[in-house]
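Same chain, two partners: chain A is paired with chain B first, then with chain C.
On to the complex of A and B.
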């Protein structure tokens, strides 16, 4: 027993008592179950386990604080309509937006932020971290931190491009199918069924083995593999719009297919499509990361998070966590996008569980 | 329409899909710039050696004929000869496929009961703080790439504590329990991902069901909570739950590729990745066909399962 342990339990129990007094049932349950869990963890993992819990709680509080202030910041700088929507955003969504914002800044200003170039060899391989290198060197002696920053540009950029391609193909075909119907709709439907019944990673591997691992080809292949999902959604959403009276009126007016798609269907199906863009991006991003991890995605010396994990994986057997940082960066972005998408879906559908 | 006819139709549709996909996998290799012989021998090959290799591989026959003979072979497990070491593909794949199946089954046996139980519990405690914590935890698990989870497990359960081996090396002479210990970490990685998926889907299915009027009726007449769940909700929940399980088993099939590479497990996923890197097309085709077939079969099982457990279809008016 030392001062840390005493203060730790005093804070937890004091907090639960306060929560109970002010009838905050949820907070009380959380704090008190944490106290009970701490007894077990303290016995099994000694003091260090309790330290880990307090650090975790501190980080969580920090994240909540960042999310809260970032949401307030966004509300102040945006117009009245957006501000009203933003006020309904839960803290998780605000945190997601903050993470996405950070990644965007990192990606766009990568050459300014990174101290070294992405392929610049500056020290010995696997050199430990010092005042020049925040995270140490990788297997060829390049600065890990710089490569991490450039990875935000390369990996995320590639995933964004592939998602955009999937979207253009899928949404366009989906809307055309909804307007035209008949044989075009039927054939597209069956074709999409077939493409969707092949697991995407396997399909990507098959195509990559044939066309080789060129960046442009990679983007196109992934875009094509993921377009069926977008097609399905667009077809369903547009199918609901097409039966509306105003579409009938526009058709009677003699408007062509392009006019219908651009002026009538697209504006009325944007919100589900934007949410789908976020979800789709997560899938594509994970696939790109997976392929790069397998050595079949973005090719060296371009910095990329998936291949960085693979190349430095030997460090893990020495108990180092640096190879896990790029992987954590991948996970963080997908979680962030998912959180924002959850909120958007909730808002557009008015879904109340 | 009676159940048997619906099931038969669904089976037929699955068979057709499988056929189309086999054609797609075979046809994809035909898109190769030049042909297989060209890509094996490279640009510097003379016309004579090219012609010789083409006859050896049977490339001098037209594509539809080759497709049919490939398909006829694939049905009985003969996938041709590997371009790299000239050994029959079936021989290379045989034990590795068994290894992959073992790993996937291992993961599924742990994951399915845990996920369904947790999913039902979370659905019962919905909108409490536990539900929210579970939501964030499962979301994180789903959003992480498999190799992230795999390496975290290696770091904490192998490097730091030494409880389990970090490399899943298996050989023939191992006892069953040794095998279970060796493959524990890769199985656990897949369990983490699949449990998260399944939990979320089970929760959604159950909540959907609990909102229906007849459940409210059961509550209003005073039935105890567990009775509402087991007697009223569960019979109708089987269809969505079976669907969830089968879909996630299908997901396991693809997730296995990355996990096998992380843990250097001698399965079919790693074989596929190697074959893609070395451009060994017969092996790539065979692996892709096996993966796609498993995927389709599991989806088929999901559909048929939900048809068979649907009380409205089983007891037609």
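On to the complex of A and C.
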């Protein structure tokens, strides 16, 4: 028994007693079950297990703290309408926004933040981390940290563009189909069914091997592969909008299709589309990373998280975590985007009441 | 009436709050209410008066986003605001029942009527399943549903609206509750169907000596149903008295204003001697797929006149409007506009032809795009047809907003969801006017509105007609509206024109039998109207003898 263990248990037990006294059910249950679990862990794993628990709790608290302050910060700097929406955001969504914000800063200011160029060889291959290289070197001796920062720009930028293309194509066709109906709707629907029936990764591999792995071609192909899902959603949402009387009124006025889509339908389908954008972005992002891992995505020496995982994969057998860092970067962004999207989905479904 | 005994429900100083804009607002400010066994209380008031909220609070229930913040609700000795949710749930369905406005939305479309009927008695173990089915059939018979032994085995979409509402009343009766809350049960029904439902509800409530709270905004209806009437305004009680004295001498000004609503009437105009009619419908036929919905319809609408098209739902009056606007190309016959034949589909009509005929919709909620500002909604037709831009456009919109009596500085930049029902309907009118039309189709424009608001809209339409010499085609099932603003009346039934002519002729006998049925079905303020009418029609009126 040393001071750490004593303070550890004293804090937990004291906290549970306070929570019980003030009738905070959830907090009490959490703290007390943690206390009981700690007894077992303390006996099995000794002091180090308790250290791990404290560090984990500390990190969680830190993340919550950052999320909370970031949300308050956003509320203060934004206008009254956005501020009202932001107040409903749970801490997870705020944390997601913070992560996205960090990634955006990394991507935009990559050349300033990164200490070395993305293709610059500065050391031996697989050199360990030192004061020059925060995360060590990769298989060619390039700085891992710099490549990670540039990767944010390349991978996220590419995924963003591909999603945007998917949305422009899918949403536009979906709304046209909803307005026109009849044969156009039928033909589009069946065509989309055909595209959707082919597994996306295999379809992408096929198209890329036909057209070559140019950056622009890559973006367009991914955009086209993902547009059917957007089409289906838009078609369904717009289908609910076109039956409203205000659309009938606009049609009787003699308005053209473009006006109907732009002014009448689009503003009434934005919230589900924005939520879908977040989800779709994650899928596209993973597809880009997957393609890079297979060697058909972004081509070297351009830094990209997917290919960084593959290139450094050999290190895993030596017990090094280096290849897991870009993988973690991918996971982190996906989780963050999903947290924000969850909140937005909740909001849009709540607004319908 | 007999057996008006002990106290059943006692509400004291009831306060209810609603959550909006991150604050709690009080929407019911201390209302008292007492109901004895077997008594029927009518709650009336315009929308937003808190009638439904109080009705639900009588079951100890508050809607999502609302809470009971003060006062007490005592049902047969049990305080509902403090008992556990489980206890309250046991009461609901077994001792207190609720009949909602829209039976179609309240029944589960995936189950047969009788299965839904037997659910609560079986759940509360009041009756076995088979007993409960027998009981349902008996109730169906008492409520005069056709083929009472078979109708329960149909699905909700297989019976008509009036039958569904009666089936719902039977369902509310399934556990023989002490109290039923009727929330506008006939508002969505035609006058002819309404009578059947009213008579059925009144009989069954009398037979079982059930207490009831009857919520409605229709005074004539409440006069038939209630023993006591309570008038509400914005969450406050205005006055309460028994039906007779309330109808004869209301004390408060607000109550008097409610009574006076039906008095608006304008002088009838005669057809101009020779002129070409604005709209001339001749031998029109139309069908949805193989179903023929319009059969040889002909009528004329002259400039500056209002032609009311009346009939029950399904009579084809809205379809006639869809044909005139070109949304549903007719299968036969012609539509002439100022002597010129119109192409059947709106797609082939010229911009000017589209401009001259405008439409105002029943549901202002769905007729205005919620994401466009009022100023732009009204401005678009002026911009589209008149080519107005910049300050000219802004001035025109301001002028239109003034015309519909909405302050331009306040309303220009607002969105439709921020407006009340009556204001939205006014914006709908302004949008039609912005096109500078000569002919406007008004499709049930007042039927979704309270009487006071509806009256305002009718007066507005009348004034605009005088100022701008507009021709109206006024589609409605409400004969009170017809009486107040029509010049000519067209009566439709099952896709055919039954009778047509000037209003004064139409409202004087002799009538076509169907017109007679429609006219006699409009509820009147006289509390004995329903009984007298039923006697005249010779409907066998069970239970009436028992209660009187």
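One rule holds for everything that comes next: the second predicted complex is superposed on the first by the 343 of 353 C-alpha atoms of A that agree within 3 Å, B and C clash if a C-alpha of one lies under 4 Å from a C-alpha of the other, contacts with A are read in each partner's own complex, and residues count from 1 in each chain.
Quick note on the criterion: contacts are C-beta pairs under 8 Å (C-beta built on N, C-alpha and C of every residue); 3 or more make two chains touch, one makes a residue touch a chain.
If you're wondering where the values come from, they're calculated on a predicted model, not measured in any experiment.
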- Message: Quick check on the superposition: with chain A as the shared anchor, is it clash or fit for chain B versus chain C?
- Response: fit
- Message: Contacts for A:248 in the overlay, against chain B (first) and chain C (second): which applies, first, second, both or neither?
- Response: second
- Message: With both complexes overlaid on chain A, does A:338 touch chain B (first), chain C (second), both or neither?
- Response: first
- Check the residue A:264 against both partner chains and state whether it touches chain B (first), chain C (second), both, or neither. second
- Between chain B and chain C, point out the one touching more chain A residues. B
- Task: With the two complexes superposed on chain A, say which partner A:117 touches: chain B (first), chain C (second), both, or neither.
- Result: neither
- Task: Based on the superposed arrangement, let me know which partner A:157 touches: chain B (first), chain C (second), both, or neither?
- Result: neither
- Query: Which angle, to the nearest 10 degrees, do you get at the Cα centre of chain A between the Cα centres of chain B and chain C?
  - Reply: 90
- A:319 contacts which: chain B (first), chain C (second), both, neither? first
- Query: How far apart, in whole Å, are the nearest Cα atoms of chain B and chain C in the superposition?
  - Reply: 5
- Query: For chain A, which residues belong to both interfaces, chain B and chain C?
  - Reply: 353
- Message: Which stretch or stretches of chain B touch chain A in the complex?
- Response: 17, 20-21, 24-25, 28-29, 31-32, 126-130, 136, 139-140, 142-148, 151-152, 154-155, 159-160, 166, 207, 250, 253-254, 257-258, 261, 272-273, 275-277, 279, 281, 284-285, 287-288, 291-292, 295-296, 299
- Message: Residue numbers of chain A touching chain C in their complex, please.
- Response: 84, 87, 244-246, 248-249, 251-255, 263-264, 267-268, 353
- Message: Could you list, by residue number, the parts of chain C that touch chain A in their complex?
- Response: 22, 64, 325-327, 346, 349, 351, 354, 359, 361, 363, 366-372, 380-381, 384-385, 431, 435
- Flag every residue of chain A that touches chain B in the complex, lowest number first. 26-27, 29-30, 92, 193-194, 197-203, 205-211, 282, 286, 289-290, 293-296, 306, 309-310, 313, 316-319, 321, 323-324, 327-328, 330-331, 334-335, 338-339, 353
